[in-house]
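One structure is given below, represented as structure tokens, and several questions about it will come after.
In order of appearance the chains are A, B, C and D, and numbering begins at 1 in each one.
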Amino acid sequence: MNKVINNVTEAVQGIEDNMTLMLGGFGLCGIPENSIAELVKTGIKGLTCISNNAGVDDFGLGLLLQNKQIKKMISSYVGENDEFERQMLSGELEVDLIPQGSLAERCRAGGAGIPAFFTPAGYGTEVAEGKEVRVFNGKPHVLESALHADFAIVKAWKGDTDGNLVFKATARNFNPMMAMAGKITIAEVEELLPAGELDPNEIHTPGIFVQRIFQGARFEKRIEQRTTRTK
Amino acid sequence: MALDKKGIAQRIAQELRDGWYVNLGIGIPTLVANYIPEGIEVEFQSENGVLGMGPFPFEGEEDADLINAGKQTITTMKGASFFDSATSFAMIRGQHVQLTVLGAMEVSENGDIANWKIPGKMVKGMGGAMDLVASADNIIVAMMHSNRAGVSKLLKDCSLPLTGVACVKKVVTDLAVLEIKEGAFHLVERAPGVSVEEIKSKTEGSLIINGEVPEMSL
Amino acid sequence: MALDKKGIAQRIAQELRDGWYVNLGIGIPTLVANYIPEGIEVEFQSENGVLGMGPFPFEGEEDADLINAGKQTITTMKGASFFDSATSFAMIRGQHVQLTVLGAMEVSENGDIANWKIPGKMVKGMGGAMDLVASADNIIVAMMHSNRAGVSKLLKDCSLPLTGVACVKKVVTDLAVLEIKEGAFHLVERAPGVSVEEIKSKTEGSLIINGEVPEMSL
Amino acid sequence: MNKVINNVTEAVQGIEDNMTLMLGGFGLCGIPENSIAELVKTGIKGLTCISNNAGVDDFGLGLLLQNKQIKKMISSYVGENDEFERQMLSGELEVDLIPQGSLAERCRAGGAGIPAFFTPAGYGTEVAEGKEVRVFNGKPHVLESALHADFAIVKAWKGDTDGNLVFKATARNFNPMMAMAGKITIAEVEELLPAGELDPNEIHTPGIFVQRIFQGARFEKRIEQRTTRTK
């Protein structure tokens, strides 16, 4: 079941104006940076981007924002990005802020054929406005719906030709659920291996969730908050 | 004398119990990890997908793939594990994490908390805070008693958009430890040298004082 | 001549398309794996938690930890993966599996299927069948046209407790290939040497016959 | 965070008559056989057992059935067990049969603080009787609720002293979700390692979900359907 494509240009083929994309990553950790750079080149616009964060001004999704390619962001936290704040406050950019756990679960639900579920998160806040509330075990819960995307773009550490993925450390984050929820899922990996090289016990995302895979040409893997201690 | 941020963290650390899994928010809560009491073992969860978080790495050993929810580079302890965001919030929502410590802009006397948005001014998003406060049985808020303008942050009602409703059980500020129950702040301890009068004057919400209020021992 | 079980499996195998993930039920469906057309690559999912299922192991190489949903010892192909049951049904419910083949006791003309219970007699449970039929876009039923008592299994209405409603799109029996649409069985192909008359007489539900009905080519 | 207990006797301590247990495994694959054998010894009765299957007559949960310790089974498939069928048809045993995917998701929901979710499985069948039905995207779905247990008992391949677990091949099955859903979760493992020996990237069940862990004295790992081919 070979899912390998030649390069990042082929990877983003079929992505069109006004589509909905999911993009993995938490902050700048585990983001599909090759594909994002390619999307900037294409100039595709009017995008709805589902991603936990919006990058920083000059990296990650911030690049698409600078280029005014994004119409709407669905995220849980969008600090650390001045251009984002400017576009949002001026009304150029639509923003749907949702709790991080609900975002993760809504992506998983989309991939898992669960159209809606109840969660306590957001009850009594503006997040719950217009949503059904129901009490379970004496505690109010909000009905949240599944999220879907035309394309999901994820980044993995290792992948094989069948589309199986393994993530490294906290670069896993939203990538596995988004891989499940894309109509077409694109995976860029640091290392692409022949099928059979990954231990079947250790695969985080089975290849069934991935339609296209390629080895990224270059990973900058920028660090957002470099914190250290001295010996 | 009012506590500094380290003092608040140090006092909160006394609340830790052996064997607990703990989620620490950004800011003062992060400092709690520096004051784990002797003989107590706790494990830190960060909602971006790690259990068993350790201290910052030594210079030159930072790994871009290993960060905490504040996006800071970290290390892991023996027995750590990594997982995806859905599993991470399964731990939180499913109440497998025994203690959540987080900051706040406002807390009300019935335990409402506001810490994610100042309309028209600051709109960074709630991150994992709404999941954390809606899920945890045991939430401690770490914050200054008043804001920079000198206005009390312990209120009758929050004025800012809420993060969660009736969820905060305990607040530790630079001036006091307060428990929230029956719609009021109950003064439990004073910071060393801080008078009950000062706490009273700086608390807008209902404050219950029962007998002698002991000083914190740090 | 009516097909045997192998023939039914062989005919169903012609429905496979390159790149499909396929879930095969117990019984006749399992045999489909033996007839994958030349030049076509498919991967088999088993709902107990494996993708990339291979043939039975050689004697002495059985692994108690490696079985399929029929609890039979199996092997895996290159590129296989293991996962938990929740993830397995996420694949199924989320329509990531392109084809489901399963057996049935009864199928009705509107695509209802019954295959899990005979009240008071056989109560083994539905296993994953209800999830499979409710989720899959593409379900093929593999079964004999009539039961052992000679009674048609292609009915107006199912008499047994249902497994799923209006979900079966295609049925392959020992006598025919039938598509289900607009509340009727549409005869698409006859088994070699089987007459339209015979199929008619053995189909209780509405049967639509449009012009000449070709014989299967196996 | 040491979760190690000495033996199987300590493992099942606190399990009392009429409690609800979850037991991992699919057929006889990946079942906590040491703990089950110990439960037989204790004679604890009136148990509600949530388990995909009910073992066979002389192994797995079949042993508890023979001994009349089970009041109710919540399962998806219970064939291959004559004593089970006898007890059920005679009315001695309550049985709640639910679709396998709903069972898995309901256990996960219990562990994940999701009190209820919608699934298409079972719509129009007796499984949906008395349950709320709602249409999403033109398709009817049934509202299913979370499952919880006083104790969850799971079996893993490797585990460490912190309670982290790794499963082997298809012996994973229901074990990870049940580990999440037990008020107290007991893990029996084939190999118990010091914390730090398992790669944090490769842990299937993080230790936070496990309260007690021990190395099983003996694993028979019986095969239910031995199927082979000849060379």
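The working rule: a contact is a pair of C-beta atoms (placed from the backbone, for glycine too) under 8 Å apart; a residue touches a chain by one contact, two chains touch by 3 or more.
Predicted model only: the values in this text are computed from it and were never measured.
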- [ ] Go ahead and note the Å separation of the Cα centroids belonging to chain A and chain C.
- [x] 36
Task: Chain centre separation (chain A, chain B; CA means) in Å - done: 28
Open item on the list: Using mean CA coordinates as chain centres, what's the gap between chain A and chain D in Å?
Closed with: 33
Open item on the list: Two or more other chains touching the same residue: where does that happen in chain B?
Closed with: 50, 82-83, 86, 89, 92-93, 135
Open item on the list: Can you pull out the residues of chain A that are in contact with at least two other chains?
Closed with: 105, 108, 112-114, 119-120, 167-169, 200-201
Open item on the list: Which label fits the chain touch graph of this model best, line, ring, star, complete or other?
Closed with: other
Open item on the list: According to the definition already given, which pairs of chains are in contact?
Closed with: A-B, A-C, A-D, B-D, C-D
Task: Residues of chain D that touch chain A when the two form their complex - done: 105, 109, 112-120, 134, 136-137, 141, 145, 166-169, 200-202
Task: Complex contact set, residues of chain A against chain C - done: 1, 108, 110-114, 160-162, 164, 180, 194-196, 200-201, 203, 206-209
- [ ] Flag every residue of chain A that touches chain B in the complex, lowest number first.
- [x] 26-30, 52, 75-80, 85, 88-89, 95, 97, 99-105, 107-108, 119-127, 157, 167-177, 204, 221-231
Open item on the list: Quick check: in the complex, which residue numbers of chain C touch chain A?
Closed with: 19, 21, 41, 43, 45, 50-52, 76, 78-83, 86-87, 89-97, 135
- [ ] Sort out for me which residues of chain B touch chain A in the complex.
- [x] 46-50, 55-74, 82-86, 88-89, 92-93, 112, 120, 123-131, 134-135, 161-166
